[in-house]
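Just so it is clear, A, B, C and D label the chains in written order, and each chain counts residues from 1 on its own.
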Amino acid sequence: MLSKKGGCFMKGYALIGKNKTEWRDFSMPKINPYGAIIETKVVSPCTTDIHLLETGAVDNPSLIGKPMGHEMAGIVIEVGSEVKEFKVGDRVLVSATQANFRSLEAQAGMSKLADTNQYWMDDPERGGTFVEKYYLLDADMNLAHIPDSVTWEQAVMTPDMILTAFEGVREANIEFGDSVVFIGVGPVGLMGVQAAAIRGAGKIFAVGSRQVCFDVAKELGATDTIDYHDSDYVEEILKRNGGPVDRVVISSGTEDSLSIALKLVKRGGIVCNLASYFGHSSISIDLEAWAFGASDKTIVSPLCPGGRLLMDKMLKLIENGRIHPEKIITHKFYGMEKIEDAMQLFINRDRSLIKPVVFFD
Amino acid sequence: MLSKKGGCFMKGYALIGKNKTEWRDFSMPKINPYGAIIETKVVSPCTTDIHLLETGAVDNPSLIGKPMGHEMAGIVIEVGSEVKEFKVGDRVLVSATQANFRSLEAQAGMSKLADTNQYWMDDPERGGTFVEKYYLLDADMNLAHIPDSVTWEQAVMTPDMILTAFEGVREANIEFGDSVVFIGVGPVGLMGVQAAAIRGAGKIFAVGSRQVCFDVAKELGATDTIDYHDSDYVEEILKRNGGPVDRVVISSGTEDSLSIALKLVKRGGIVCNLASYFGHSSISIDLEAWAFGASDKTIVSPLCPGGRLLMDKMLKLIENGRIHPEKIITHKFYGMEKIEDAMQLFINRDRSLIKPVVFFD
Amino acid sequence: MLSKKGGCFMKGYALIGKNKTEWRDFSMPKINPYGAIIETKVVSPCTTDIHLLETGAVDNPSLIGKPMGHEMAGIVIEVGSEVKEFKVGDRVLVSATQANFRSLEAQAGMSKLADTNQYWMDDPERGGTFVEKYYLLDADMNLAHIPDSVTWEQAVMTPDMILTAFEGVREANIEFGDSVVFIGVGPVGLMGVQAAAIRGAGKIFAVGSRQVCFDVAKELGATDTIDYHDSDYVEEILKRNGGPVDRVVISSGTEDSLSIALKLVKRGGIVCNLASYFGHSSISIDLEAWAFGASDKTIVSPLCPGGRLLMDKMLKLIENGRIHPEKIITHKFYGMEKIEDAMQLFINRDRSLIKPVVFFD
Amino acid sequence: MLSKKGGCFMKGYALIGKNKTEWRDFSMPKINPYGAIIETKVVSPCTTDIHLLETGAVDNPSLIGKPMGHEMAGIVIEVGSEVKEFKVGDRVLVSATQANFRSLEAQAGMSKLADTNQYWMDDPERGGTFVEKYYLLDADMNLAHIPDSVTWEQAVMTPDMILTAFEGVREANIEFGDSVVFIGVGPVGLMGVQAAAIRGAGKIFAVGSRQVCFDVAKELGATDTIDYHDSDYVEEILKRNGGPVDRVVISSGTEDSLSIALKLVKRGGIVCNLASYFGHSSISIDLEAWAFGASDKTIVSPLCPGGRLLMDKMLKLIENGRIHPEKIITHKFYGMEKIEDAMQLFINRDRSLIKPVVFFD
């Protein structure tokens, strides 16, 4: 196990370059009056971390040398003088998107576009959540109290997995009884299945390829599981549904996904894209599926939102037993240094993996 | 048991006057090309029927002499020449609101306001659903196929109980994690609790007075049950919720309900009224609760909608195990003549009653 | 001039094949109880007609041998027995999209997808509006009374030009003060400019190439006109607007249009496509402009709607002086046979043409 | 004229008690890093000021002794170290509602409910805008640059008159061609008429009693003016409109207004209340007009919003010639001390008054 340093240093798991990481000591930040420092209790690596690792963060060179990670929960150990809602000792969830709410984007209801999360920012003093102690700029706006009955592992599924999926389902505007297809049932897709079920969907098709995901999809509300290796899976969905579906959510995408989604969805329906398409310059839309431009099919592409209010709402869903994010956790590690093992599962494309968590002690 | 007449007569349970009903023979209608005749399998009396009975339908004198009732399911026994989607032998649900979809109201998305349901219309040849054989004007628009896995008793909860409640919850526009209060947990209120739970509510407060309703409320998703006989129940809700709630749905109302709802709901929140206020000329709004006119509290008051599409969607929720309307049925009767016994439960204000159904054979 | 035939024949301008038309006699239809026959007073050819002519209607072979056209207004000369709202002698506007409102599509608020307009249907007895007398199936649903103060030429701009443009602007959901770009300022784009101006847009950029269109765009509310031949026109718009715009409406499109629109629109904004992309199998989306899938940019693609209610609303805008569709009419012809001359303007790509009308007498 | 003091004192027009005001010297505040000080150029008294004066601010005793006023524009003379978007010398508009955007209310899109405007706050150092120099807490969030082509008097109509009215019209969700009634055509009602016209309304009924208001209403887009002294004015509107209207906006209310509005609006329509009802404990809803609770009539009651983004949008409407707020200004005064004369117009219920402005030099 790594020795935990006291004083003004803390250990972090830093990205060094393409496929290279390193444990480094980082100096403790001096907090601003609105800030807080959180002792990390649990983190969860994500495919975005792997993407950054495997590309060496070519699109965000400022990330090199900084701690990785953006999903975490922990305990408040220091707060700035102006922090009103949080105090030392509180169990808290940290927002993955840490907006500057004093922004025109926030005034427009799009705070997520005013992200100041250090993970992404060009600020040498800031970094990700794979550290012993994590500093954030605006505690009152970007932390949330974890209710007693919510576990650490449930909590850490919230800032990215749940919020991305639930934002997608919200934007997909599912109505009571609607049929919905999820293309991709990794952790975000599975949380989407859960979201659709508690948003009132009727039939839910989970499109994937792994039995471990299908099993969880069924538990979370899918009515049908579909293997995309079957060459006629689009026709199979259309047949089982008795025609095109009301909504499609893409959480794992290839160059064909948008066109497939447009084929699956009915006119007047909505396609919600949650997938990232890196490494390509364009993606195409099949014109026949798009009715040559007059399809009345809407395409939305929401980014994960954040902030205290939304995290509070999601935590209420867990607290009241409406959703069960712990079901997507397939691997648990104990000890900060096990972040490496958790990352390795992604790198190996381990077919038993849905989502890992790493408890720091 | 009543003898069932063949040929051109059918038995019906008619409203004759204030607190007076009678079994009468009605002549069989001649159907139009778009119409259908349904052999009744199950009906359910409702508080609206009792209201009409106890007032002698003072506001709708044309109802006198006609069969009562508006909730039913049955089997198609005759269809007009232009009916495309239904055939003799089909198990079908009948819409309580039977819109004329060829209307400007329907073009405006408010087909429910172009209701041609015979129960309400000033047409001597038309009547309610408490008859052996029921005639409706437009089968393709106002019937729905009952899926094999949906029972008669589940189905008959759909046209009024489910559709009224789900319309209310839809108009209340509940967002993930929202806190919701239901004032009144009779059958519509309970279906509202269920609707809120599968629409993503967090905390759900069920306000009522009877244990039988509280028990079902808990099963359907309520987190808290509140007895309105407790003088401080409004404060109790505010305390448990940590402040005003996001949404309030009134399904059973008194002259105070709207003001109480406005006290309970937060600014920016929505109050949805599903209650009827007969016997009064006005209802008042507490101005302080309404912030003297600038509260940003929205008040909606939706009528039950109908039509095939919505019934199909609701039936999909039952078919896929999302909702459990059978839980609100407390009394089952067998034999058409038992409609009288079912009605008597309402008249007696039987405290064990939530919702009765009467199977015709 | 063509001789007008009485009795049971009427003259029509029929599509015969690729680049081939012919004047033919059509037998008068026998109307159904809900139908009506309209004596044509004015029609307007449209680019869709030209597309059908130049391709020989390859995608709709049933159109061959039928009258062309879908924009018209006229006088009622016969109504079916069940028609309630229209009588012989009424000045009426005919819906271009003639929905069957007795359909699940209409119940879903998408009546336009249940189009029974004879122009498009596989019914040998039905055809387009370039005829002396036009038969429609459902008068009460698909006609609208033309107010006295509205001229024939204003009226005939309604069923396609105005309704397509206004539906686009409605779906673009313009908010007060929003900046909007119109890519393409032909007749639909210009009506879009007008719609945006009376929907509360701030800055309106009209992107086109012809001075005649720019002049009308300015009159109808454009603040800036932009020539797309300027290689840096996208940058010019971004500069003048001080960054990306709130909304983009594409009414005239090439393979690049969708990507250009995504470059122009801000995150959180909406791109509305009204253009048709025939002759291609796919259209591409620039991934950088789409933020690799997480752009929060919404893409909508509405079809022209129809029906009496919407036409009534649009006619109210003309009647009350809110909009001035007559400004897009550049050419007027008198005499039914002049349809040929009007069509020729399109075929010649006449640079002075925005929209022609042909009065039948 | 009042002598303008330099140094650390500034003159202000303070509320002292019921019907009592006084010119006082206030010490200059020390600004925080996000704050700014604005030299006042123009203010406008409003009925809210008169209400506070005539009641002695019984409901807000902390206002006693402070400067009055909340509508102003001026020139930046000092900015805090963290202010990024404004500098000394800028012409700026000051938000009437000065939200703390670092709040859960703002995260919920309701920043107006987190108002920190000193006018309303229990902070002895803060006050209204009727001062030589005005201090606000968060310049980047609550100021807006006034475009060169926008005059001071146009600008000062924005923070309350325009924003209240436009918020009301936005919440009334007017669709193209809708008929709208404005009950009350004082300055907010008139700006509402303008808003409705540029939001796409068809017929606009302006209900009031003074010719000066009717004249401006016509200029701003009203199609019909209605005197509420005519005993049958409700019937007159219903007759002219051919039935109930789509939307009603109440900007000036009595105890009957809500019931009248519900009588005027169609089922499925919206009533938007912008009026304040002080001095009463409740307001009643006519149950017949509300269809006894199932009317599908929505009631909204929005407060005036604020913030830079919205002010920017409104200023763009002025800058681009879409709206003409200067038309509601009936009285102009020059010299700060003339605030008294402007206030007197309200006190006298001067029938020629719509809205006054006071230029400070």
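The rule we apply is simple: contacts are C-beta pairs under 8 Å (C-beta built on N, C-alpha and C of every residue); 3 or more make two chains touch, one makes a residue touch a chain.
Going by UniProt, the chains are A, B, C, D = Enoyl reductase (ER) domain-containing protein.
Keep in mind it's a predicted model, so treat the numbers as computed, not measured.
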Hop count on the shortest chain-contact route linking subunit A and subunit C comes to 1
Quick note, more Cb pairs in contact for C-D or B-C? It is C-D
From the mean C-alpha coordinate of subunit B to that of subunit C, what's the distance rounded to whole Å?
42
Per the C-alpha means, the centres of subunit C and subunit D lie apart by a whole-Å value of 40
Going through subunit C residue by residue, note those that touch at least 2 other chains and give them in order.
108-109
Can you check the complex and tell me which residues of subunit C touch subunit B?
34, 101-104, 106-109, 111, 138, 140-141, 307-310
Seen from subunit A, its contact residues with subunit C in the complex are 105, 108-110, 112-113, 253, 258-259, 267-268, 273-278, 280-288, 290-304
Could you pull out which subunit A residues touch subunit B in their complex?
166, 170, 175-179, 195, 197-203, 223, 312-317, 319-320, 322
